[in-house]
Amino acid sequence: MNEYLSSAFSTAMLGEYGNGLLVTLYFVILCTLVSYLIGIPAGVILCVSDKDGIHPNAPLNKTLGLVVNILRSIPFVILLVLVLPLTKALIGTKVGDNAFLVPLIISAAPFVARMVESSLKEVSHGVIEAAQSMGSTNWQIITKVMIPEAKPSLLVGAAISITTILGYTPLATLVGGGGLGAIAVQYGLYRFQNDIMYVSSILMVILVQIMQEVGMKLARSSDKRAR
Amino acid sequence: MKKFVSVLLASSLLLLSLAGCKNSSSESKTITVGASATPHAEILKAVKPILAKEGYTLNIKIYDDYVLPNTATEDGELDANYFQHKPYLDSFNEKNNTHLVSVAAIHYEPYGIYAGTSSSLTNVPDGAKIAVPNDPSNEARALQLLAAQKLITIKDGAGLSATKKDISANPHHYDVVEMDAAVIPKSLDSVALAVINGNYAIGAGLKVSQALATEDKNSEAAKTYANIIAVKQGNENKPAIKALVKALQSQEVKDYITKTYDGAVVAVF
Amino acid sequence: MSESASEKEIIRIENLSKVYHGAAGEVVALKDINLSIREGEIFGIIGLSGAGKSTLVRCVNYLERPTSGRVIIEGNDLSALSNRELLRARQKIGMIFQEFNLLSQRNAMGNVCYPMEIAGVSRADAKKRALELLNMVGLSNRAKAYPSQMSGGQKQRVAIARALAMNPKVLLCDEATSALDPTTTQSILELLQDINHRLGVTILIVTHEMRVIEQICQRVAVIDQSHIVEMGDVKEIFVHPQSTIAKQLIFPQGQVPTSIAGNSTLRIVFDGMSALEPIISKMVLECHITVNILYAHTKVVEGKTFGQMVIRLPEDQTSVARIKAYLNDRKIYYKEEPLHE
């Protein structure tokens, strides 16, 4: 057997970790942004069209809810394979980092939608009623009351979503994508190089911890309800 | 209701204990073999009637992964398994402290270079993507095949544990993409060439005759990566095992393989 | 109490009914409500929990749509308005709530500015007006504070300032003091009275507490199980409660405790007369009687007494006549009632 790496901390490996970190961050940041771009409107619609919402619409609510539920119940790996044609149509290739982003976003957006919906539903009904009594339109209620009042909960939801998305990034290796997770799987799992597996996994854990802490701190400090 | 439930319980217990009995003894005339679905289990099915004539009943258990059939053979749950090649078996024994041995080499599944967006090996543009499987032994084999076709050069001695890092020369700067073997056949429109192993090629509906190049029957790869029958150390000379090997390495099986697999599976006996 | 109440009608509620269709069947929340509220008055609606008063006040600004009947505010029939017109009409009706319902992520200034923001008022103008309003409710120094940093009373003041931001002619108060302690309740009621006097805002107060009604309302409607059972001047209802519910509300402890048989009692109503005048002791001296106080529930606010007292009348009719004359003289309301066992 030809061992091409003598240690998990060789200069070659360090370069790989660095690159892997960048790719992982690329995945997480881009996926989170786009998922929220899709998830916030979706979550708003789910909340507002609910039977207890400010503009009940049972057919819309049931349909969107069904789509979200279906996407959430398909195992990620299957989803990845199923959307390969879509990936090709959207970015021109089924292989590589960007190709991985497509199923990652399709998987994360419904999750985010439910988190947003849940946060919005926590907003006090009395406050919404007060806004209605002042002659607010539904759009004003959504943008000036619901979303700002739900801000702390939305931030906590974002911290959770980010860490969940991070947890899926190792699967990038299926389509030849990179990232710390791919390194852990490729070298650690497949080639039984446990030291590399540990190092890249620890790096991911540190990343998760940082993101979680920052997210929670942000949520707490911006919450005006805390005394 | 109560009576019905207790009768049901009693009969289930009885059935279970009988079933339990059947598996354990290897002196019995039943042989249980764990195998991958294609082509291994299919080839075993072809052998069933041959063994039946000898008075043996062949039980085929299909496995999706590459760990359980070995552990089950080690534990005695299986009499033998048929899904892996020797390098994998050796590596598995080492990492998992198992005591499995090969008793016969049956077939190999030639790796092939299949056309993606490039229709021949000579008109591949510089910098194009070539997909190879990302797990160790498969990747090595894929790279060696590419090297044999003079698309890249592999470091001397890298052998069958070569990885992307062992590419010593890549004059056309091909982008070798390591990805999941099962996903490669579905991504042919995104790469110039794809190296696919026999199993997945069959599964994806590709014909080995369509491949732009395959591993030679006499290559080191073919010899090393022949799929073997593995048993627990000590069971090599059991009559049932010997009968199984004899049945498999028969002309009937050879003909079956040639007829059924159109070059994707090749007998090595 | 309020001299600014005119005879002009500002809110009319005609044959209003509200029925909910739930899983358990139909629930009649309101049946055939008819009310006429005059401009500038402070009108109370009192009833027990579940009687329908919250539903009623929500029908006034169409937060609840009546099943039948009409609500006419300043001559506008709300049912005839388009959605857009209804929203604009709401801008002219202020509302405050039991739970305050302030935006928790905005400070006091931000909360008071909200109704102006949605009406398209410029930022600068809104801020200016907000400061005026906060000043009026006595919170100019807490403009930057957030609701979580305020007491209940302060929050309700901010809510009042917010409700007045667009110069409404009507202010709806849904159990506005029910979550506040007695002292704070007092100050809020005073504030409301002040607003009514200074700005002429018509106030509709919904509550289950009689003390709120007796303190600032001129007229009151008593609601019981979706009907209005009694309506009229607060003084009248107080002295001559007709309905069971009114009696229950005015005598919260139930029957007057007594142990002596015979004779009658006199219920004296204190309606803001000077507390400096020792009415009872003077009565004792001038009428040459002894007074047996059976029940008293009074409080003094800013030097004025509010509440009621029940005394047992002496046996001889002369003394009784003298007492009645004394009270009549001083224009103090009373009512004779037989002694309850």
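For reference, chains read A, B and C in written order, and residue numbers begin at 1 within each chain.
Keep in mind that, in the parts below, a contact is a pair of C-beta atoms (placed from the backbone, for glycine too) under 8 Å apart; a residue touches a chain by one contact, two chains touch by 3 or more.
Keep in mind the model is a prediction, meaning the values are calculated, not measured.
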Chain centroid nearest the full-protein CA centroid: A
Centroid-based (C-alpha) most distant chain relative to chain C: B
Separation of chain B from chain C, taking each centre as the mean of its C-alpha atoms, in whole Å: 86
Whole-Å gap separating chain A and chain B, where each centre is the average of the chain's CA atoms: 37
Interchain centroid distance [CA atoms averaged], chain A/chain C, Å: 52
Residue numbers on chain B that touch chain A, as the complex places them: 91, 95, 129, 131, 134-136, 155, 157-159, 161-163, 165-166, 177-180, 183, 186-187, 189-191
Chain C residues touching chain A - in the complex, by the definition given at the top: 61, 63, 86-91, 93, 95, 97, 99, 101-107, 114-115, 117-119, 146-149, 159, 162, 166, 172
Contact footprint of chain C on chain A as seen in their complex: 124, 126-127, 129-137, 140, 144-145, 148-149, 151, 223-227
Chain A - residues contacting chain B, complex: 1-2, 4, 12, 80-81, 84, 88, 92-96, 99, 173-176, 186, 190-192
